[in-house]
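Same chain, two partners: chain A is paired with chain B first, then with chain C.
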Partner chain A sequence: MKTTTVTLGHGSGGRQSAELVRFLVEGFMTRGIGPELEDAALLPGGYAMTVDGFTVMPRKFPGGDLGHLAVCGCANDLAVRGASPDYLGLSLVIEEGFPLDELKDYMESAAATCAAIGMTLAAGDTKVVPAGGVEGVLFSGCAFGKVHSPFPLGIGNLREGDILIVSGPIGRHGAAIASARFSLEVEGLESDCAPLWPAVRPLLSLGGLRCMRDCTRGGLGTVLCEWAEGSGLSIALEEEAIPIELQVQSLCDVLGFDPLYMACEGTLALAVAPEDGQKALSLLKESAIGRNAAVIGQVSGGEPKGMVSMRTSIGGERLVDMPWGELLPRIC
Partner chain B sequence: MIPLRSDISLIVDGLHRLNTRPLSVMEVCGTHTVSIFRSGIRSLLPPDLRLVSGPGCPVCVTDQGEIDAALSLVERGAIVATYGDMLKVPCDRGSLASKRSEGYDVAIVTSAMDVAALAEKHPDREVVFLAVGFETTSPATAALVKEAEQRGLSNLSVLSLHKRTPPVLAVLAGDPGLKISGFLLPGHVCVILGHEPFSFLPRDCGLPSVIAGFEGEQILLGLAEILRQYSRGESSLASVYGRAVRPEGNEKARTLLDEVFVSRSAPWRGIGVIPDSGYALAERYGVFDAERRFSLTIEPGKSLPGCRCGDVLTGKITPPDCPLFRMACTPLSPVGPCMVSSEGTCGAYFRFYKGDS
Partner chain C sequence: MKTTTVTLGHGSGGRQSAELVRFLVEGFMTRGIGPELEDAALLPGGYAMTVDGFTVMPRKFPGGDLGHLAVCGCANDLAVRGASPDYLGLSLVIEEGFPLDELKDYMESAAATCAAIGMTLAAGDTKVVPAGGVEGVLFSGCAFGKVHSPFPLGIGNLREGDILIVSGPIGRHGAAIASARFSLEVEGLESDCAPLWPAVRPLLSLGGLRCMRDCTRGGLGTVLCEWAEGSGLSIALEEEAIPIELQVQSLCDVLGFDPLYMACEGTLALAVAPEDGQKALSLLKESAIGRNAAVIGQVSGGEPKGMVSMRTSIGGERLVDMPWGELLPRIC
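The block that comes next holds the complex of A and B.
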C-alpha cells in the first residue's frame, strides 16, 4: 500500500478498500488459510457465514435505522450466496453516556427485521467504552445460514452471453445518507434498506443462475467492475435501462456523485444464463423489493476484456471504472 | 447495435457533415468535461473534431500558494470550512485532508450558508470559509458575508479564492500557442453573467462561442452550432441553453457580486497571475476578510515538479501526454489538482479514458 495510515478512502468500497483487505489478510493467504473474497463464505457441510460492521451517520435515516441496517446487511450477504438468514450474532460497542432509549430503538428494529425473515439471535456481546472511545455505538454482526442453492454461486460461474439484472432503482441508501449528512432534504428520498432473502429464495431454482451481489458500498458500478475484473470478461451496460429514481439523480447532480457508485442496502445485481433471463426477471418482479427490476446489460466475450463499458443515453460509449478514494461532494 | 435516438442522430449527422477539416473546440467548464466523458460524446464525434478541456474546474485552478494560506489558517487554530473536493488539493506541504487526519479542524460544507451555522455553533473559535469557484459560487459567498454582517458573526471570515471566467478566456483566446477554433461556454456562469462579458470572443477574436447546458444532447447541439458558424466563416455568441440564460444574466446575483466583491489579480495554478481575474472582498466588508484578519499574503506558488497542469488547463496537452499521468499521479495520490477533483481533466481522463481504442 502507498500510505502508512488508514484513510477514509480505504472505507469507501472501491479499489482502495480491496487493497486494504488484501493487505490485512496477507498472512492468512500465504498460509493457505485465507478467505475467499466474496460477500459470504461457503463452509463445508452446506453452510454460509459472514461478518459485517455498521456505523452510519445519522443512525436514523429515512427508510431505516442502525438496527435494521445491521440485520439487513448481514442477512443480505448470506442471501446473495444462496443461503438463508438463520442465525445472527450481534456485538455492540457502546460509548459511555449513550441513551438507553435510543439503543432500545435499534434493538427493537433489529428484532422486527429478524422476525420478518425468520432469523434467530443466537449470540451477542456488549462492550462499553469511555466517552470518546467510539462515536456513539458500533454494531457488528455475524450471520450463519444454510445454503439452499444447488451449486455454489460466484464470479467463477460468469459466462459470455449472461444477462445482467438489477433488482431495483440503485443508489437509494447512499443518497438518503448523503442527503441527511449534508442537510439536503429531498422529498420522497428513502433508503432501500431491506432484506433480500424473500426475493432471492425463488431464484435459486433457476439452473442458469450464475452469481449475485448486494450492491452495498461502492454501489452497482463497483460490483460490476469486480465481476468484469474477476472473470476477465467484458460487461456491456445500457445506461437507459438502469433504474434510477429522480430523487437520487437530483441529489447526485447537486453533490457531483454518480448514482452508479452510491451504496444500496436492499438491491442486488445478478447474472443469469440467457435462457433463464426472463424467468429471473419475472420472479424478481413478484417480490416486494423487485417490482422495478430491470435487465441492464450483458456479459460479453468481446473488448474491452475485464472492463465494464456503457452505452450512454445519447448513444455514446464509455467505460465504467471503480470509484477511487473517498466520495467527496464537489463544488457548486 | 441499437440505433441512435432520431433527434441525436440528426445532430450527429450534422456534425459529421460540417466538420471538413481538423478543428479544436475548448469546453471551458469542468462540468462539461465530465459530462462529455460520462455521455461518451467523443465516440460520436467526427474524427477531425477535437475537444480540448479548459480551466473551468475551480479546484484545479486553485494555486499552491492559496492552499498554503489555507493550511496556515488551520494550523493557527481556525476551523476551515470548504467544499469537499478542495480537501485533497495538494501543495508542497500537504493538503487540507492531510491536516484533517492530523487532527486539525476542517469542515466540509455543501453550501456557503452552512458556514454561518458553523460559526454560530462555535462562537469561541475563528471560522474561515475557504471560498472557491467561479461566478456560480461567488454569489453564495457574497450572501454569506452579508448574512454574517446581519447576524453579527464576528468570528466568521472568508478567504476569497474566487475566480472570474472572462479574464482567463481572454488570456487563452490571445495565446498564440493555443489553436482553438471555438468555445463551448459554461451555461451556469452565463446564467449569472449573461452574454455581454463573453461577447469579445466572437467580436474581437473571431471565435464562435456557444453557451451550452450540461446534458449530452445540449453539448452536441452546442458543437454543431460552433461548426455551423465556422463553416460559414461567421463568429457570434449563441446559446443552446434555452431559457435558463437570459442575455442580461441574473441581475440580482450580479448586483450582489458588485456590492460584496472587487476584482483583483489572482494566481491560476499553472497559468500564472492574471489581472482582474479574482474576487476580493470589498472595503466595506473588510472585517470579514480573512486575509486582513490573519494578516495573510497569498504568494503565487511554485508549480509542482513534473506536473503539467498548466498545459492541461490551457488545452496544450491532454493528460496522457503528462509523464506522471497514471504513473506517479493517480486520484489516490494526486500530484496536481487536475487529478483531484472529479471535474478535473486529469481525473476525468483517469476514470474514463483507457487509451485510444
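The block that comes next holds the complex of A and C.
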C-alpha cells in the first residue's frame, strides 16, 4: 500500500480498491479461509452468497433510491453467478434524528423490489448511532440464493474467441448520481438501477455462457480489465458498438468523465462462446433491461495479453486501463 | 411510533428497537416476504443466515475489538439457532483518512477468530466515504451456516416447567465498554466477547433443548422478556442464582445501570426441558465459556402471563420489563 490511510481512491472500485481488499483479507488468505473475490461466493451445496454496503448520496436519485439500490445491488451480485435472489438480509446503521418517514420510504422501496423478483427479507438488524456517527443512514445488504447455472460461471471460463455483450447503455447510474449531486438536471437521464435476474435466468440454458458481471462501481471498463487480467487473455472492444445514451455522453463531456468507468446498477456484461453469441443477444433483447443489448467486442489470444484495447470511433486504438483514484464518491 | 425521528432509544435493543423493526419491515410483512424476527433465519434446505451491524466505540476494548466482535456477533446468531459458523461476509464502510494499520488490526483479529471456529470469509465489500460520512469505520457482517439441531430451536418450543440456564456471568461486554468509554479502569473487567459455537455444539444432542439466545444488546433481561412475551408463558427468575462478577456489579452500581440489561457478547441463555436440565448444565460447564453456567429460573404457567418476575435476593418479588430508552449507545 502506498499510503498509511484510506483514501477516496480506495473506494473507486478500480485498482486501488482491489489493492485495499487484498491488503485487508491477507490474514484470511494466509489461514486458508479467504474469499475468491468474485461478485458472489459459490458455496458447497449449490448456493451463493454476497454482501454489499450502500452509501449512495443523494439517497433519492432519478430512477431509484437507497432501498431499491440495496436490493438490486445484492440480488445482481447473485444473478451474475447464476443464482436466484432468494433471501435478503439488511443491516441499517441510522443516525439519531433521522426522519422515520424517509427511512420507511427506503424500506418500502426495498420491499417492492424484493416482491418483484421473489426475494424474501430473511434477516435484518438496526443500529442507531449518536449524531455524527454516520451521515444519515447506511444500508448493508447480504443475499443468499440457489445456484441455477449447470456449471460455475466465472473468469476462469473465458476462452479466446468469446463474444462480449453488454445488456444496455452504460454509465446511467453514475451519470444520474452526478446529475443529482451537481444539480445538473438532464431530461430523460435516469439510473439503470434494476434487478438483473429476470434477464439472466434464460441465459443460464446456454452451454456457451462463460462469465457475467454486474457493471457497478468502476463501470464496464473496470469489469473488462478484471476479466483480461484474471484470464491472462486480451480483450478487444469496438467503441462504436458500446451503447451510450446521449444524455450520459453529454454529462460526461461536461464533467470530464469517461462513460466506460461510470457506474451501472442494472447493466450486465457477459462473455459467451461464439456459437451462442446470437442466441444470448436475442434472449437479452427479450428482457426488460436488455432491449438495447449489443455485442461490443471479443476475447482474443492476441497482444497485449491481460489487457483491454479498444478500436475508437475515429479508427485509432487505445488501451483501456483500470481507473486510478476516485471519480465520484458515494455512488452506490 | 411515538416520534417522527429515530432516537438513541431505538438502538437500545429493548422495546423501542422492536417497535422500530416492526415499523420498518411492514412493507415486507404485508407482501408475505418478511422475516421471523429471531437471531438468525432458518432457510429451507437446512441452512441459517443472519446479518448484523457493528458500531462499537471504542473500537478496541478490554477483551476484544471491532473485528473479533463482528465475527462473534454473526457466528453467535447462527449458533443459537443450532447452525455452525460456516461462512462469513463482511461489509466495511470506511471514513477517508482512516489509518490502514488500525483497519488491518481489526481484520487480523476477525481472521484469527474465524480460524478458531472454522469459519471462512466467503464475501466482502469495502466502501470509502468522505470525511464525516461515517465516524471511523463501521463493519456489517452476515453469516451463513448449516443447521445441526435435529429440530428447529425457537421461542415456539418453550413449555411450562422448562429450566432456564445462563452460560456465565452476565453484563461483561456492556460493562467493559462502559469502563473504556468513561475511562473507569476496573481491574479484571473484560468483555465476554467469544464464539458460542463450541459450547453450543454438544447441547444440540439434547432432545429437551428448546430455545437459545445470545444475550447481546438489552442483556439477559431483554431476552427473557422476549421469551415470555413470545410464548405467552411466564418466567420466574431467582436473582441470587444469576451469576454477576463483582467488577460488573460495582461498575453498574457506580453508573446506575442494571446488570440484567447490560450487553453480553459471549453469553448464552437457554431453556431446556426439566429432564435435560442437569445434563445441559454439565455439558456447558465443560466448555470454555460455560464454566460458571447456572440455573437461574424456570418457565412457569403461572401469573403474570407473558411476563418475567424475579425473586430478589432480599426475598421480594419484582417484575422484569424490557428496558425503555438507551442505556449506552454504540455498545456493539
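By our rule, the second predicted complex is superposed on the first by the 327 of 332 C-alpha atoms of A that agree within 3 Å, B and C clash if a C-alpha of one lies under 4 Å from a C-alpha of the other, contacts with A are read in each partner's own complex, and residues count from 1 in each chain.
The rule is simple: a residue touches a chain if its C-beta (ideal position, glycine included) is under 8 Å from a C-beta of that chain, and two chains touch if they have at least 3 such contacts.
Worth saying up front: this structure is predicted, and the values here are computed from it rather than measured.
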Classify the contacts of A:L184 with the two partner chains as first (chain B alone), second (chain C alone), both, or neither.
first
Does the superposition put A:D321 against chain B (first), chain C (second), both, or neither?
first
Touch check for A:A288: first (chain B), second (chain C), both, or neither?
neither
Count the residues of chain A touched by chain B and by chain C, then name the partner with the higher count.
C
Partner chain(s) touched by A:T7 [first = chain B, second = chain C, both, neither]
both
Could you say whether A:V254 touches chain B, chain C, both of them, or neither, answering first, second, both or neither?
first
Which superposed partner A:S313 touches (first chain B, second chain C, both, neither):
first
On chain A, positions contacted by chain B and by chain C:
5, 7, 329-330, 332
Chain B to chain A touching residues, read off their complex
2, 4-5, 8-9, 12, 37-44, 58-59, 83-88, 97, 101, 108, 110, 114, 132-133, 136-137, 188, 216-217, 220, 330-333, 341-343, 350-354, 357
Residue numbers on chain C that touch chain A, as the complex places them
1, 3-8, 10-11, 17, 20-21, 23-28, 31, 33-35, 40-41, 43, 45, 47, 49-55, 57, 86-87, 89-101, 103-104, 107-108, 110-112, 114-115, 119-130, 132-135, 138, 140-142, 144, 326, 329-330, 332
In the complex, chain A residues that touch chain B
2, 5, 7, 9, 16, 182-184, 238, 254-256, 258, 303-304, 307, 310-319, 321, 324-325, 328-332
